[in-house]
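In structure tokens below, several structures.
Both complexes shown next keep chain A, but they swap its partner, so chain B is in the first and chain C is in the second.
Now for the complex of A and B:
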């Protein structure tokens, strides 16, 4: 029976997009389906650390070695997604000297460049470090934008012929006896680019081989074909600070624990994290005390955090997995390694493998291994080139930075825009039209917004993850409507309105966990602005029924006018 | 990894190491990103910015301050050149409802811009350096004041100034006095009053020393009228024109001297008063924002505007009740931005109210537009005059034919725009309390 595609990848996170790119570059026909936007699951809910491996240098040296190898590869192929910040493992007076020494030796055993700094030297690198930080180990940690990296993988997969469908939720696995041959998906607004306010459709997509890369949701997918996959989703909270208090990744140098990392991320700093097992990756409590505790603990490293403004908090779920029978109680003890479950070997059901576990930094290596496995299954001989071929946006990045153009933009706007766009900068920013800044917090111009819209239809959250527009301190209060405005006239009023509502809701979701101090003022101002200038508190246009115009009176008559003048009726 | 690449400094001492006293960072290296936390983007600063009001190309204080800082990374070197269009009127500081340190951000960014990006051989840099360091040139001018005034008044000089340096030829250079205030003070034998209980240290600034010593003399007579012992410590420029031109190193040198001398006066039991509103602003706000010499905070906390000090420590209005003044008519009064920022904008009209024969008509809250050296630059002249238009109109509409203000450059602008003669509030107080100048001079 002819199939729609050779390989069907489920899940548009870093793993899924990485696999799709890898297989597409090997010449296979690939389709990827994702329930929401790319990165909507775990990828878009991480702290943005590009591991040097230092974190695992004591507990898990195999992972540490893999991290440093992949770290170096990503600097090469994804320069426009990576910021080479460097990282410090800092030791406070109460932290153990033995562990510090073990960490240092571990780094060196794994080939991770590591250097000891005195407390004073560490404070020269990061002036806001606590006065009593005793010393630190410097490692090549970095910051990575998971959105940009994931999107770049998807774009490159498409460039190599893949079909990428977002907002296409898998509703069933197609199973014929002991053979899985595809899925049924529900397109939220029909196939292709998303358009709000368009009717949904369903589609059966058949494939020679299915790769289940849905991470924490892998168990739910498996269950559709009566397969049991024991993922143990574990939630972690992350809090986004309004500004970068540090320009280097700051790790606490102690065995393990919650709240031990600060990652500079674009214009912000992200505090992380916690580790607690949950039963449902879509429904778990988000508690304020988790945020409070994290800020308190990390203030021991960077005291200024205590008083600093947070703009939102979010929770992510790790797709942890351990083979049946391991019986680990504490989720922090579960391995971060990934597992490739071939359901033919494991369950006697052919046509599908699931990937669980793993971590963002090594997504490419995972994808390579899985792509090898798929090729093996399909009898294809083609080798992997993802370690050498730069992602779209990262070609010739050094020459680009050397001759940086300002595209008529103010310097910090030009700098941030070209960093986001990488080698695509001139293609996107060179325009004869006026190019005003749409998102002032992040310095995103109209040209960049329009470029993102051209990639992602009416979905403003997809525009957000591509550009960072609405991710700054006003959390979209000042720019959501201007972003929505760019959808017109391609999209009609109803579509634009729905897209705006969806983006603004999404912004509010994270901001709810930052409602004190300045961010509370911000939320109040956002509310007042939207209510008074756009009627968004009681907008008759968004009411379901028709407006009862007859209920309004005819206004004041001429004789009522205070100034006694006669106006038009 | 080879051994050669392995640093062998494992034995770095831990918490017992010697840590020298923290050296504060240079102002242009300060990290002001956390200041952006206070901004919720309401744009009140932008709507209060006089430059943004008349110049669509100027992005406004919100961009210059919290937005630009927030977008910055430690290793970024580039500051947008629009920061040089900010006139440093500091209105954004008082407009902000949320205490964003806007002018500190602007001053620091401007310092960084000049340090890192401005060509030190460019005409702009040389011109700005000259304007910012007016105090270094003024002594030369006042050595031969008549010759200097003659030369500076020549249209050829103005033409050259514009062509060579980009100093506008539209304005007339202020005249140098034939005798500086300090010369007068020395000749006079210093203070006429000794009073260990009531002492002030007078920060006269450059302008009332070299150009308008009558203002400084008025201060002396008014304060001696109230029985104060006046000290006139050594002093440099307050730094205002240096901040405005991004010459933070020059400002630092001047501030160091000023803080040292004024802190010593505090030790002697004096409070500090200034007759120029920009000088008092600088000592009170900019010094503690930008510098950390010993005594900076104490100097800032004990510095006053000269009239404000008398209102608080003496019954100034009571003393003025029933006095009269013949030599002045009604005034069109302009409150300088830097006085406004200190909360002093209503002061002069209130203080002059009890005096018979004069009234101060407030000409509104617009900026005069000159902002120190800003309006002297050829490229800013037009903007400066556009900003000033509202003030000129109000001056002409008010029932007065002379002007009054506490800021030297505002007074230049007021005179330039209307042709009115401009006085300082202290001169009016002198006339009311001590009598006219010939009488006063006889004292």
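Now for the complex of A and C:
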């Protein structure tokens, strides 16, 4: 029976998008389905660290070696997603000398460039480091924008013929005896780009091979075909600061622990993290103590964090896995390595493999290994080229920057736009139309917003992850409405209203965890702007029941009106 | 040497200026000190009294009818509904023809930039022709370079809200605006001064060029609405001129910050302060205070003897008989917070609050937000109360958003509470000087 697609990838995170790109570039016909937006699962909820491998240089040298290799590859193929910040492993007086030495030697054994800085030298690099920081190891950690990288993979997969469906939740695996041959998905607003207020549909998608790349949700997918996949989801909190207190990734140099990393990310710095096993990746407590711990513990490294403004916190769920019978108690001890579970070998059910475990920095290598496996299954001999072909936006970055004019934008806005868009900048920004700034905090212009809308439909959260609009200090208070305005007239008023409500509520979700000091004032201002003047909390268009307009003040009974009519009062 | 006055008002927003003006009418020497730029610049310039009850019922046709049913502790309950009427009449006297709405107790529904309507008791004259209960058809005009107002979308939104007229929206280029990031004051300035602008048809003036641009889009509508950028100092003339040229009534649609109607109101109030002889010092924070330590009984409230004002690094004592605290709420920073608590920073007045900061909010962004009610509890004389319900000080009153117990954003009551409590606090402070 002819199938709809050769390979069906479940999950639109970095792994799924990486696999889709890899296979599409090898010439296979690929469909990817994701239940929410791209990156909605774990990818969009990480700290943005591009590992040098230093973090695993003592505990897991195989992972460390793989990290430094992939780190170097990503700088080459995804330059517009990576900021080469460098990183420091910082030792405080109470941290062990012995571990510091092990870390240094581990880095060298794994091929990670590492150099020891004195406390004074470290503070020259990062002036806000605590006075009693004893010394540091400098490594090539970096910052990566997981949204941009993941979306670029999806776009390139599409450029190579793949079909990518977001807001398409898998509701069933299609299984015929011992063979899985596809899925049934529920399209939230029909297939294609999302449009709010459009009715949902369901679709059966059949495939020669199914790849379950749903990470922490892999167990739920497996259960649809009575397969047991023992993922052990583990949550971690990340707290976002309003400015970059540091320009270098700061790691605490000690064996393991919560709240031991600060990653500079775009205009912000992200504090991380915790590691606690949860039973349901969609429903777990987000707790005050976790946020407090980030600030209190990391203030030991960078004291000004104690008084600094945080703009939101978010939680991510690691898709940890260990083979049955390993029995590790503490999730921090579970390996960060990934596992390819071929259900034919493991469960006697053909047609599907699941990928669990792993980490963002090595997503490409994982994807390559899985794509090799899929090709093997399908008898395809094409080889992987993802390590050599730059992602869309990262072609010819050097010549681009050298020849860049500023598209008529004020220079800081132009600089930030071109950093985000990379080599797509001229295609997106060159316009004869007025191009005002829509998001002041992040310097996002109308042209960039409209480009994102053309990719993602009426979904403003999808626009947000592509552009960073509404991700700055005001958390959308000033720009959500303007972003929504850009949806019109492509989308009608009701759709725009729903899209705006959804984005505004999403922004509030993370802001709740930063509600004190300046950010509480900001939250009150945002609430006042949207409720007081715009009356969005009591919008008659959204409320049930009609307003009796005639009962309200219709103006003076003015004979001086243009048409001489009477007012309503 | 301390600077001496009868009444010292701290805070320069709607509540503070109203308090100062209300006190100054009673022949006492009044000084107003303010630190931050007033939040009036963020506000729409609309003077709302009450649009919705605390339970969310509304929009209310008659805000005054609902005042007597407000819960104990609500600022309106503290001052009483008669004081609200008096304060509004006082405001009407200050602003004169610049505002409309006094001819009726009924609220007006004013279309604002998102396309919804907002219930309000008084509105700038510039918005008067735009009321949603006026059944004449309207053309809304937006500008390509002003992304805050998408006129065709706002027109559709008004229709969805059930407005009793047909609204159409068009987006045009604003003649004379050459930069995509021009500030709203630039638009206003072009029109105020009717500057010479270049158009495809040659050189002309800004008002003429704008009228010509809009004329081609008119389809018989009797009124035309623009985002609120139609002039600053000469807004009335700009509006009248555009109206004459187009043969329509012209109105403004209130916008988000920075808001020209808010700035115009601020200008009106500060002119009134000057005319009333109020001494005004802006840009100076109050950094400390001292009490006089004199009280008959240990249980009596203390009396504030002086406050210390930081004037460019010099700490200058300011002494008055009566003080009014009108420093604003969370937005104006009259109420502030840290991870472990909410506080009033100048006099450390009591701010009731849940102990756990995760009880400061609810998950629905437009839900019944506890943080929106943060502020000072007061007695019926508007004196802030301590945790034992006793006055913190004998000669300190609080007015405006620094008060707690109401959610101005949900109720649409922010301006009205500032007026009513500012008015009462100012009057009582003046009486307390006798």
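Miscellaneous remarks
One rule holds for everything that comes next: the second predicted complex is superposed on the first by the 543 of 569 C-alpha atoms of A that agree within 3 Å, B and C clash if a C-alpha of one lies under 4 Å from a C-alpha of the other, contacts with A are read in each partner's own complex, and residues count from 1 in each chain.
Going forward, a contact is a pair of C-beta atoms (placed from the backbone, for glycine too) under 8 Å apart; a residue touches a chain by one contact, two chains touch by 3 or more.
Since we're looking at a predicted model, the values are computed, not measured.
In the superposed pair of complexes, A:93 makes contact with chain B only, with no contact to chain C.
By the touch criterion defined above, A:283 lies against neither chain B nor chain C after alignment on the C-alpha atoms of chain A.
By the touch criterion stated above, A:388 is placed in contact with neither chain B nor chain C.
In the superposed model, A:243 lies in contact with chain B only, and not with chain C.
Of the two partner chains, both chain B and chain C are touched by A:521.
By the document's definition of touching, of the two partners only chain C reaches A:493; chain B does not.
Judged by the touch definition given at the top, the superposed model places A:531 against chain C, while chain B stays out of reach. Residue contacts after overlaying the shared chain place A:441 against chain B, while chain C stays out of touching range. After overlaying the two complexes on the shared chain, residue contacts for A:549 are found with chain C alone; chain B is out of touch. One of chain B and chain C touches more residues of chain A, and that partner is C. Residues 410, 478, 521, 525 of chain A touch chain B in one complex and chain C in the other. Chain C meets chain A in the complex at residues 42-44, 46, 48, 51-52, 56, 58-59, 61, 100-101, 103-104, 106-109, 112-119, 128-129, 131-136, 144-150, 152-153, 156-157, 159-164, 173, 180-181, 222-223, 243, 247-249, 254-257, 329-331, 333, 336-339, 356-358, 360-361, 363-366, 369, 371-372, 408-410, 412, 414. Contact residues on chain A toward chain C in their complex (touch as defined above): 288, 292, 295, 408-410, 433-438, 445-446, 478, 481-482, 485-486, 488-489, 492-494, 496-497, 504-505, 508-509, 512, 515-517, 520-521, 523-525, 527-541, 546-556, 561-563, 565, 567-569.
Looking at the complex, you find that chain A touches chain B at residues 91, 93, 97, 101, 104, 108, 111, 113, 115-120, 127-128, 132, 134-135, 242-245, 247, 264, 267, 304, 308-309, 410-413, 415-416, 440-443, 472-474, 477-478, 518, 521-522, 525. Remark: chain B residues 1, 5-7, 9-10, 12-15, 17, 19, 25, 31, 33-34, 36-42, 59, 62-63, 67-76, 78-82, 98 touch chain A in the complex.
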